Amino acid sequence: MSAVSKARVAVVGATGYAGAELVRLLTRHPGVTITVVTSERDSGRPIGEVHPNLASTRLDLVAVADAELAARADLVFTALPHGTSAALVRSLLESGLRVVDLGADFRFRDRALYEKWYGPHEAPDVMREAVYGLTEYCRDRLPEARLVANPGCYPTGALLALLPLAEHIRGHVIVDAKSGTSGAGRAADARQLYAEVADNVRPYKIAAHRHQPEIACQLESAGTGRVPVLFSPHLVPMGRGLLTVCYVDLGGLPANEVGAILHRSYRDEEFVRVLDAGYLPEPRNVRGTNRVEIGWLTDPESGLTVVVSAIDNLGKGAAGQAVQNMNAMLGAAETTALEHVAALP
Amino acid sequence: MSAVSKARVAVVGATGYAGAELVRLLTRHPGVTITVVTSERDSGRPIGEVHPNLASTRLDLVAVADAELAARADLVFTALPHGTSAALVRSLLESGLRVVDLGADFRFRDRALYEKWYGPHEAPDVMREAVYGLTEYCRDRLPEARLVANPGCYPTGALLALLPLAEHIRGHVIVDAKSGTSGAGRAADARQLYAEVADNVRPYKIAAHRHQPEIACQLESAGTGRVPVLFSPHLVPMGRGLLTVCYVDLGGLPANEVGAILHRSYRDEEFVRVLDAGYLPEPRNVRGTNRVEIGWLTDPESGLTVVVSAIDNLGKGAAGQAVQNMNAMLGAAETTALEHVAALP
Amino acid sequence: MSAVSKARVAVVGATGYAGAELVRLLTRHPGVTITVVTSERDSGRPIGEVHPNLASTRLDLVAVADAELAARADLVFTALPHGTSAALVRSLLESGLRVVDLGADFRFRDRALYEKWYGPHEAPDVMREAVYGLTEYCRDRLPEARLVANPGCYPTGALLALLPLAEHIRGHVIVDAKSGTSGAGRAADARQLYAEVADNVRPYKIAAHRHQPEIACQLESAGTGRVPVLFSPHLVPMGRGLLTVCYVDLGGLPANEVGAILHRSYRDEEFVRVLDAGYLPEPRNVRGTNRVEIGWLTDPESGLTVVVSAIDNLGKGAAGQAVQNMNAMLGAAETTALEHVAALP
Amino acid sequence: MSAVSKARVAVVGATGYAGAELVRLLTRHPGVTITVVTSERDSGRPIGEVHPNLASTRLDLVAVADAELAARADLVFTALPHGTSAALVRSLLESGLRVVDLGADFRFRDRALYEKWYGPHEAPDVMREAVYGLTEYCRDRLPEARLVANPGCYPTGALLALLPLAEHIRGHVIVDAKSGTSGAGRAADARQLYAEVADNVRPYKIAAHRHQPEIACQLESAGTGRVPVLFSPHLVPMGRGLLTVCYVDLGGLPANEVGAILHRSYRDEEFVRVLDAGYLPEPRNVRGTNRVEIGWLTDPESGLTVVVSAIDNLGKGAAGQAVQNMNAMLGAAETTALEHVAALP
């Protein structure tokens, strides 16, 4: 690919963890050039002063300016706090750019539902245009998409485990998720200090987390009818990684059929690995990658099925999937610039 | 209490984590004298060479000898691998000693069930004599008890959360537990190396862990009838600590009634703290102590109730509860030598 | 000791890590009653909402008020940021209270030196009254002391290792210290987030840390003459703990003499344990305690002596030593309420 | 590069951490094909069962067989315990293969010195042929080299910091190093369990570690004359990473000249980044990469210079440098298959 034909991309919110991971991945990408990286707080500084691992990019942070983005980029990743990207996204779309939004602003089609959980939406007219970017389930629409709403990390882990089995689900679903702390972001917060997080595991917002309606909506979109989701997130002492354990009643579907469905659903997927029976996934095995690992078992005592997935919350759970989506939007191979093999330990 | 009247206690298996924690707690106890500490592998060495924090005890490790224990101790804690304490325990009882066994050998009354999960039992005749030592539920029997089977760490966390609500449980129970790594013991095992455990969370033996039948039996003993238990343990990067999240159908019991039952059940308990509505427990808040913290909530979506407990797996989950049981056996205050306030961070 | 005769103590700055550890220790103390705990940010809240491990204390945080402290306390611990306690301390002294200050404000006798490193001093007239509270070296003065300047954590670790050998030191001293993150405090700071601290070791302020002149001054006070100190601190992923490795030229003093001097210096000390030759201390072995462990060796290649100490930065490095000092001030046994045996792991 | 021309490489000892990292890196390499991976303990198993991150390689572990290696490989990496590769290496060389040895067997030219620290050498005749593979200092010899002795992790960190300044060093050198636990290997060892390593920092083998003579020899080879090295290693709770802090007397060389020498020495190096004055390196910034970061400062108090380097002990400290050496041996770009940008956090 010649330099002339490279797509010009911008990362808005480049100093958060997802933004920085985007920059890391995009610098490896032969088909794009990063033209703009923004940060309100650190504008004017080299990105390497904030994230020393990115020093070799020699990129300088600037404040967001719609016009400059429109002039210098073809595609923009917005990695901003929830509720703050909607107006910018509309402006960028109006200028003819394409957008992958890593926040929650465009993950819902139902304005009322969004506003119940997140507050007022500043660009409700754009909501229905967005493609919900769980790549394995939306890739046909990506080449034409102008706006992709990148899924939340928790919904990514839960949906990849549950969607193949959605039609068999009876009653409610319990999703008990264990996340690394980068999922909580890079904002200074005493609750996220090392001395507060280490040597502990912290349940939080059980049955009250904003990712619960996102999971429920997507399951319903997949044709399950309404499925109550009890979502139970936990913070564990781990930088990156997300383990999602789903407890579901599949009406007695035998274990080998569960496995067969999962294997069949993902047999052609480059980033999804369904484990053999008897194995369970672990986040470390996908750390730093865009991969998903899925295991499952059935419990004869309760009759329930347990489906477990492991992703990197900053990889497939955020920046990795965003790049995968971009690749599909641009017609590049989906795997471009994405890592397959975790570095252990 | 005069020195003359101190109970003489021995710790068999004093170099494992539970054994070492027993030694730590017993050295603080004004009513006992540690007379014997044993280790097969390290006999002949000062315990402080194996556990430097115990150097000030100036105790030397010896190999187990039934006769010596009988001659030098009144009460023995056995903290041995499952299946290896039964014959010794019988011998000690025959010599007139009292025993608190921290292994699984005497936690079941049903020999067939025990042997299904653990293999042949070497002293089945003694099984039915043992008191299952969940102190809050058995203390009336402890002053007369000759043999106490100290509960497993996972059952302790699950049962303290569930027993007050047992009569309301409908259908199955899901117990999703997150344990610190000391629960896996001190044996050299490549899977437990720092570099394998850090930066990860590892599900294991879901629906296949030996603590599942222990939980189920005790629930049934509490009058629930048979309750299928789906037990789902995880290893997290945490030295000590155990968070247990139970998902149960209580038939629509309102949240305030759930809370009222929990508060009422434990209002006189020195070591159990039921949190106010809206708070969830965390293992760090009870680290190094014998305390239990319990929180709860109801989910209107699924209709389920979530009950969460936090303990220290080596405290209330092992050595702390063993000392609490000993205190009750000896007629001492249950709180003697046990810690109430965690050292944070 | 009857309730009537208990000393009334206050903790000013009770929500920082050192302040919270003070509260934890003081609640175990039979000779004192905590009457006031202060916090500017969290005044009005129960301390248990900020530090759940302290919930059982049932203490409520208040804002600092000199008059209230004077009315309700006999002795005050001030655990405030550097530079902010001087005026308060003078006021408390004038009201007849005694003070243990855990900040740096009264650790120097030389105002100019203090102000070079810390900025203007608000109560310079009080500076020379303070006793530098390295208990093992100042206890004779404590029964009469009105104001004790509790040493910094790094100086405590370095001085306990070096002072017995001070007269033999030639040339400079290198102090390479590795601290747990609670030493950096509980303030929200993105650099101290779990995701920034874990899986790393961070050198900082080498040859530029404020504890360097504190170490140098105290060595000089011990009669070494002026000793240049190259102080090199590091942050490691550890909640509590401080390992201090000192490299010194003792003019060829043989290893056995080094050991003999150390053993002799500390043979009567309850909290100092000099290890046998061939052993090195580790912070985990003193975690949660007021203990110090010291090891040493000589290197025939370079001719240097290496002296290593381990403390808990919040124990002997802060709150533990403050309570030890208070005990000596009040005429209580120095060991009262202080822990000797670490809880491992 | 066509498939036909790919070099065939084998990894002997592929289940240790360095061996597994070699496999990870080599699978990314367009110019090589991994033909054999060996493990004595796990022969017959897919490597993905031992290291799940490598499952996609679909390689099966075999036991070592000299003839098979000779038949199926052009170049062999030996990643075996010290003392066990010498005979195999001689055999491979005699069969015309090239070898990069990651153990210590060929790092010394002086047999007596080797045997003093490591015991009898089984192929002393081959010792003098080996090139000491600190790539930046030996690359001219690599295209012709048959045997490369890959440096130890600690010597790599120390020498990259010190060699540019070697001619200025006066007297001894102190090297205080802080290593991640993967440096201790993957063997089951109770001292390396998570519960033993976490929340601690452990000094070990100060002035007695085998890497001390390796550092000293290489400094001497660089023309310093004999320099006594006091080497002081520490284990910190970190999976990968190595921070090396060197304290040296450079005879008053000013800070800006120190910086100028360092910058000049490495200005053309792709993997070495000398930081600007005022910055210090951290292992996390090079984690997973083959990079080295170097910082420095001078201390006016002591007159000493401090030079600090950060590497990934499995990257530049082992497998990364081994691949860099292989690249130079094969005439490929040194950077091929090696990572430049760390994934944070």
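Letters are used for the chains, namely A, B, C and D, taken in the order the chains are written, and counting of residues starts over at 1 for each.
As a working rule, a contact is a pair of C-beta atoms (placed from the backbone, for glycine too) under 8 Å apart; a residue touches a chain by one contact, two chains touch by 3 or more.
All values reported here derive from a predicted model rather than from experimental measurement.
Note: Cα superposition of subunit A onto subunit B, rotation of 180 degrees, nearest 5.
Over half of the residue numbers at the subunit B-subunit C interface are used by both copies of the sequence.
Averaged C-alpha coordinates give centres for subunit A and subunit B that are 40 Å from one another.
Distance between chain centres (mean CA atoms), subunit B to subunit C: 36 Å.
In whole angstrom, the spacing between the mean C-alpha positions of subunit B and subunit D is 45. Shared contact sites, meaning residues of subunit B that touch two or more other chains, fall at 17, 180, 182, 195-196, 198-199, 237, 239-240, 282, 284, 287, 345. Taken as a contact graph, with one node per protein chain and an edge wherever two chains touch, the assembly is complete, since every chain touches every other chain. The touching residues of subunit B, when paired with subunit C in their complex, are 17, 20-21, 24, 27-28, 51-57, 182, 198-199, 239-240, 273, 282, 284-288, 293, 340-345. Within the complex formed with subunit C, the subunit A residues making contact are 17, 180-182, 186-190, 192-199, 237, 239. Per the touch definition, subunit D reaches subunit C in the complex via residues 171-172, 174, 176, 178, 180, 195-196, 198-204, 206-207, 212, 216, 228-230, 232, 234, 236-241, 243, 245, 247, 280-284, 287, 297-304, 306, 308, 345.
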